[in-house]
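One structure is given here, and the rest of the page talks about it.
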Amino acid sequence: MIFLTNLISGLSLGSVYAIIALGYTMVYGISKMLNFAHGDVIMIGGYMSFVMTMYMGLNGWLALLVAMVICTLLGVTIERLAYRPLRGTGSLAVLITAIGVSYFLQNIALLIWGANPKMFTSLFKGMKPVHAAGGQLTITPESILTILANIVIMILLTLFVSKTKAGKAMRAVSEDNGAAQLMGINVNQSISLTFAIGSGLAAVAGVLMLSAYPVLMPTTGAMPGIKAFTAAVFGGIGSIPGAMIGGLILGIIEIFSRSYISTELSDAIVFACLIIVLLVKPTGLLGKKISEKV
Amino acid sequence: MAERILKNIRIGGLKNAVKGNDYRKEATISYAILIGGYILLQVLSAAGIVGHNLQGQFVPICVYVSLAVSLNLVVGISGELSLGHAGFMAVGAFSGILMSRVLLQSMTFEPLILIISMLFGAFMASIAGFIIGIPILGLRGDYLAIVTLAFGEIIRNFMNVLYFGFVDGKLKFAFNHTIEGIEDTDRIITGAIGATGTKTMASFTWGLLLCLFTVFIVLNLKNSKQGRAIMSIRDNRIAGESIGLDVRKYKLMAFVVSAALAGMAGCLFGLNYSTLVPVKFNFNTSVLILVFVVLGGVGNIWGGIIAATLLTILPETFRQFADYRMLTYAIVLILVMICTYNPAIKSRITALWNKVKPKKKDNGPGGKPRKKKAGKEAA
Amino acid sequence: MADYKKEKGDALYEISDPGHAYENRQEIYYNDNVGGRAVFVDSKEQYGSDEPYDDSVYIPEKDRDKAPILEVKGLGIDFGGLTAVDNFNLALGRTEIGGLIGPNGAGKTTIFNMLTKVYEPTRGEIFFDGKSTKGMNTVDINKAGMARTFQNIRLFDKLTVEENIKVALHHTTNYGLIDGMLHTPKYRHEEFRIRKEAMKYLKIFGMTKTADYRAGSLPYGAQRRLEIMRALATKPKLLLLDEPAAGMNPSETSELMETIKEIRDRFQIGVFLIEHDMSLVMGICEGIVVLNYGRTIAKGSAKDIQSNPKVIEAYLGKSRGKMEEEEKNEDIEEALSKGKLESAPSGKPDRKEDE
Amino acid sequence: MKKTWTKVVVVALSCMMAFVMAACGGGGSSDSGDNTLKLGCTGPLTGPAAIYGNAVKNGGQIAVDEINAANPDGVQVAWQVEDDEADGEKAVNAYNKLMDDGMQVFVGSVTSGACVAVAEKTNADRVFELTPSASQAAVTEGKDNVFQLCFRDPDQGTISADYIMENFPDAKVGVIYNNASDYSAGIFDGFKKEMDAKGREIVAVEAFSDDANTDFQAQLNSMKNAGADFVFLPNYYTPVSNILVQADKMGYAPTFFGCDGVDGILTLEGFDTSLAEGVYLLTPFTASAEDEKTQNFVNAYKEAYGEEPNQFAADAYDCVYAVYNAFNAAGVDTSASAADICEALVAQFAGGFSYEGLTASNAMKWQATGEVDKMPAVYIIEGGKYVEK
């Protein structure tokens, strides 16, 4: 029973990672950059949702919608102002800029909302957790709905990328930027769209994460950001199903190592697993093989 | 066969050709900046012009300069992105502190203790670098970067559960819990609380020596058989293999030397403060060092020296902005990156500069119009 | 040009077997063109009626008293389900200049990649200098004495010309990491020596004045030349050149031809080259292999190849080849002997084998 | 080439600018004509620990404003807080900046790690130091000029252990602590020592780290499985609030016992205070205490900053008053050098000076080692309020 409880909480944590990782992986796929500010977009999404529910009195779901819109705009703005001027100058310059953006978002949140943490009200406040097996097994609505949300997002995203014109354009740009441009695809638009989707998802991930783990601070997004990045690499960065699998596995490893091995070293174990996977499969579980033309 | 030189060979004009790296010039500039800066600051300090705040940063500046130079060995010269440099710094710092505490039991001559501690820190960090280096060398690009990040975090995680201390004058070690029967004052490293009671020995002069040594090693290595091999592999791995370069060996070499130098710098850093916590060596610190390298120009040693100095001082100078300090820092960081790397803005600055600058003929020595090669450098 | 036998079926040679003195071997080496494996047969009667061509290997007379530098038996590689190269056989004399030609996408570079172990062959064996290269990697191959250049030039762009050659000399540069980091007297001595050596190569190729320039910023022709120099600096026994004349004008090409011959003569090594420029191939290659769709379609001297209908067909396409064979033959012969003939039937742009 | 020179110019210009700005900081001097005592403090105003630094900054400011308003003709107090991001290196930088600005007494640092690094400097520079909240033993160790106003971490652990053993003799005690936090690990250290010494078993010990401080289900499950019906939480209120929320979802309801770090949990914005019902905490200060002093402070704080003060703010408030009182008692002049003030204040603090403040039920006194003698009180949260036990 404990095993099952752990499994569910692992899947739920993993689902959060997976949704965040989607943003990482899509942005990486299309612009080959590590967007370290992605975690902080989650934090902004959380604050937005918090502000909407606490100060504006909006319903949680409506607040989520508003947060998604704001994060989408934020993501597009960041791309436009900070990343686009550096496109084509190599991943390092953009990486550092992304870190600058991350500092910026954290500090602006600190200035606006102060250093005191906020307790986030769960999106599923009305629902009660289910206890089974004499209190041994606990199923919280947050965990189940997070897992469900993850699956729905995955399906929608996969459909979007494979079926719609915009999605196909995105794939084309990730495959070959230059060729896509020659084929008349608006590369800027595709990249903006990717950032928009990734950031919108970040807001969803933020709200889901905070529903389960409610402490909201300006630095809330940093560590989940890094973990999700790890998850994206784990699954093969650039691959959408990879992000999902990577996120889930990472969440499960984290919870299980904490439960059965060591609470102190759980992060070390997560990262060690990542290294082992990369040793066996150098481009992650579902990553494309890198081949060099000779 | 007679020594016959092939005739009539046209190699084409060298109009567009660019002179290569001038090692002597690079070294001269680097040493001049270091020694000049040292003398300048010492004079200013003696004259009372430099305040406590800046004086207090002399050692950390030296440490960061040294870290930037050593990271440049991996990022610039070997061409791999490393996000775990702070991990090696941590290994060097904690093992160096440990060594200094042990030596202080029996020795009193501080310079010798400092040197031995730094060498020990470098040694331990190089071992860490070696262990980490072996598995990751088959990886490339961003995958290698994430693994260095992961290792940096693992090292820090382990530091959180490491305990060292003296019990009855003997060095004891524990893992995951406190040491039995230890007095507070005999603790050396206490898990997440870190190292306390360290005797501070670092000084600006030691910092300068560290920087000089690091620059000396890195520049020498660059201009040697090994350095050329490392750079060749960066420029073209397949061609490197085709002329018989053992890619793994040379990558490992760059990694280990860089780790050792980082360990040395970490040790000096550790011995500059009476306390040191493992959290100090988190991802942010790794990134900070990377920012020095990128801002100073990937592969450019003296650029890294200046960038490290500048970016260490910068947040302090922003104290007058009070609450907006770190926000200002973030904005400056973004703007500087865009200004130095965006092709359009860059060319505008260049044009502006050309108007001001006295005319010079031809490509001067050391000229490196990198144009759009930044992408390649980064890859 | 070195003398070698041109008659069909005549040019049999005695091959060496690893571990045995080649003199002891008396077997005659043929090739089963259909079965995909090299076989040893006593006579060529086994060949069916389906227009067998002689797949025996030509070795220039001057090299026949020595074991071939390179022997390839039944080499093949599959990518996924696709057979890129199949049943490739070759023997190359110690100081022979051999040519490998074929339309784009025929698998020429793939063969080079297999020889240098960039790709591990799926089938077949490679004997270099009498030793099987099984289990060797690219680095080992180079250490054993095979050096190559690349179709798309692969220089160490940010290093200077001189450094590019010094890197290639690293095996003979005798100092360790500590010497390198501290610049000990040993370092100085060795660096002085290899600098002189590097300059010697530059002098041979007339490129001394480029020594301090970045390799990546040199004009194209100089880059090609530097790549050859760099390969030579590893002191190979066999030099593989992948389209050395690509992008060169006719006069540069003829200079290159001289250079290649000069290299062979001066260093007494074998040269095996891929080239589309027929003037170069026909001009200097002593033995030529023609490849199409991963299979050998012809072997022999320049003259054999020029008149081989299969070669003509491969270069012009089947229907035209057959229908207009009579009329076209002469033109093609002319083209083959004089100029470039790069178009392939598939018409695909120059494909670089990958994955 | 052009690029290089562009860079050189940009870099050189900004370098010069930075040096000028940094050097300018050194212009301040201590002997300003007016009768002002310059207090300085460093604390995390940004980063994950920003809440503590900001509380100290604000709490100190309240005390300073009160003092300055009360004695317009007497000694005035200036209060300057610099950001140290809870990092030793930055703290030393911030301290040096304060020195440049003419600080005479150091009332910091806020966090232990940073404070130990700074204490080394104040000891060398002979600047009197009274820290509001750096509770590690190493802060004062071997430094005659450094005093603490807060409990030492291990002492809190010891007192907690004693209280638990006395009042909950049958409870099965589990502990969840932050092994990456010196505060938490320090308290646990003292707690475990005391429990071991008295032969009381701890049924389960689980740790977490700052990097993984969101999901506590594994730790809570482990507590549950070990049968712990009493969980000691020597943590700050942020993780504690998280733990309470998750325990509630799991349906796990042991008695929770926290230390002074838990104070503030009731005013956490958005927190459902019903979850904290029945939580014990051992703290020298709560904002709901009814004495006049506390109420005045709390009201002033709320008015100025729109939130309830936590223990850090109260500590800072006490620190400023303690230093101010001791300074007046010592009879030094504000024009004296920091070193002279230091000697006078050390003599006061080590010589039986006592101060009645917000953060102790008795009058605080200091030992020469820098430790404070004060008694904490145990509170229980009932009806959304701290009720003294």
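As written, the chains take the letters A, B, C and D, and residue 1 is the first residue of each chain.
Operating definition for what follows: a contact is a pair of C-beta atoms (placed from the backbone, for glycine too) under 8 Å apart; a residue touches a chain by one contact, two chains touch by 3 or more.
Remember, it's a predicted structure, so these values are computed and weren't measured experimentally.
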Notebook entry, point to check: Where centres are the averaged C-alpha coordinates, which chain has the largest centre distance to chain D?
Noted result: C
Notebook entry, point to check: Quick one: most central chain, C-alpha centroids?
Noted result: B
Check: Whole-Å distance, chain A centre to chain B centre, using C-alpha means?
Finding: 31
Next item on the list: Could you tell me the distance, in whole angstrom, between the mean C-alpha positions of chain B and chain C?
Entry: 45
Check: So, what's the distance in Å between the C-alpha centres of chain C and chain A?
Finding: 51
Margin query: From the mean C-alpha coordinate of chain C to that of chain D, what's the distance rounded to whole Å?
Written below: 75
Item checked: For chain C, residues that touch 2 or more chains besides their own -> 118, 150
Next item on the list: Please list all residues of chain A that touch 2 or more other chains.
Entry: 107, 110, 264, 267, 292, 294
Item checked: Junction residues of chain D - those touching two or more other chains -> 45-46, 179, 209, 211
Item checked: Residues on chain A engaged by chain D in the complex (per definition of touch) -> 2, 5-6, 9, 13, 50, 54, 107, 110, 114-121, 129, 131, 135, 138, 140, 142, 209, 212-219, 223-224, 254-255, 258-259, 263-264, 266-267
Notebook entry, point to check: Mind pulling up the chain D residues that touch chain B in the complex?
Noted result: 1-7, 9-12, 14-15, 17-19, 21-23, 25-27, 45-46, 82-83, 87-90, 92-97, 99-100, 112-113, 116-117, 119-121, 136-138, 141-142, 178-182, 185-186, 189, 192, 209-211
Check: Any idea which chain B residues touch chain C in the complex?
Finding: 1, 4-14, 16-21, 217, 220-221, 224-229, 231-232, 234-236, 238-247, 253, 257, 376
Margin query: If we count contacts the way the header does, which residues on chain C are in touch with chain B in the complex?
Written below: 116, 118, 137-139, 142-143, 147-148, 150, 154-164, 166-168, 170-171, 173, 175, 177, 179-183, 187, 190-191, 203-207, 209-210, 212-214, 216-222, 225, 230-231, 233-234, 252, 255, 258-259, 262, 265-266
Item checked: In the complex, chain B residues that touch chain A -> 75, 81, 135-136, 138-143, 145-147, 149-151, 153-154, 157-158, 160-161, 176, 237-238, 283, 287, 290-291, 294-295, 298, 323-324, 326-327, 329-331, 333-334, 337-338, 340-345, 372, 374-379
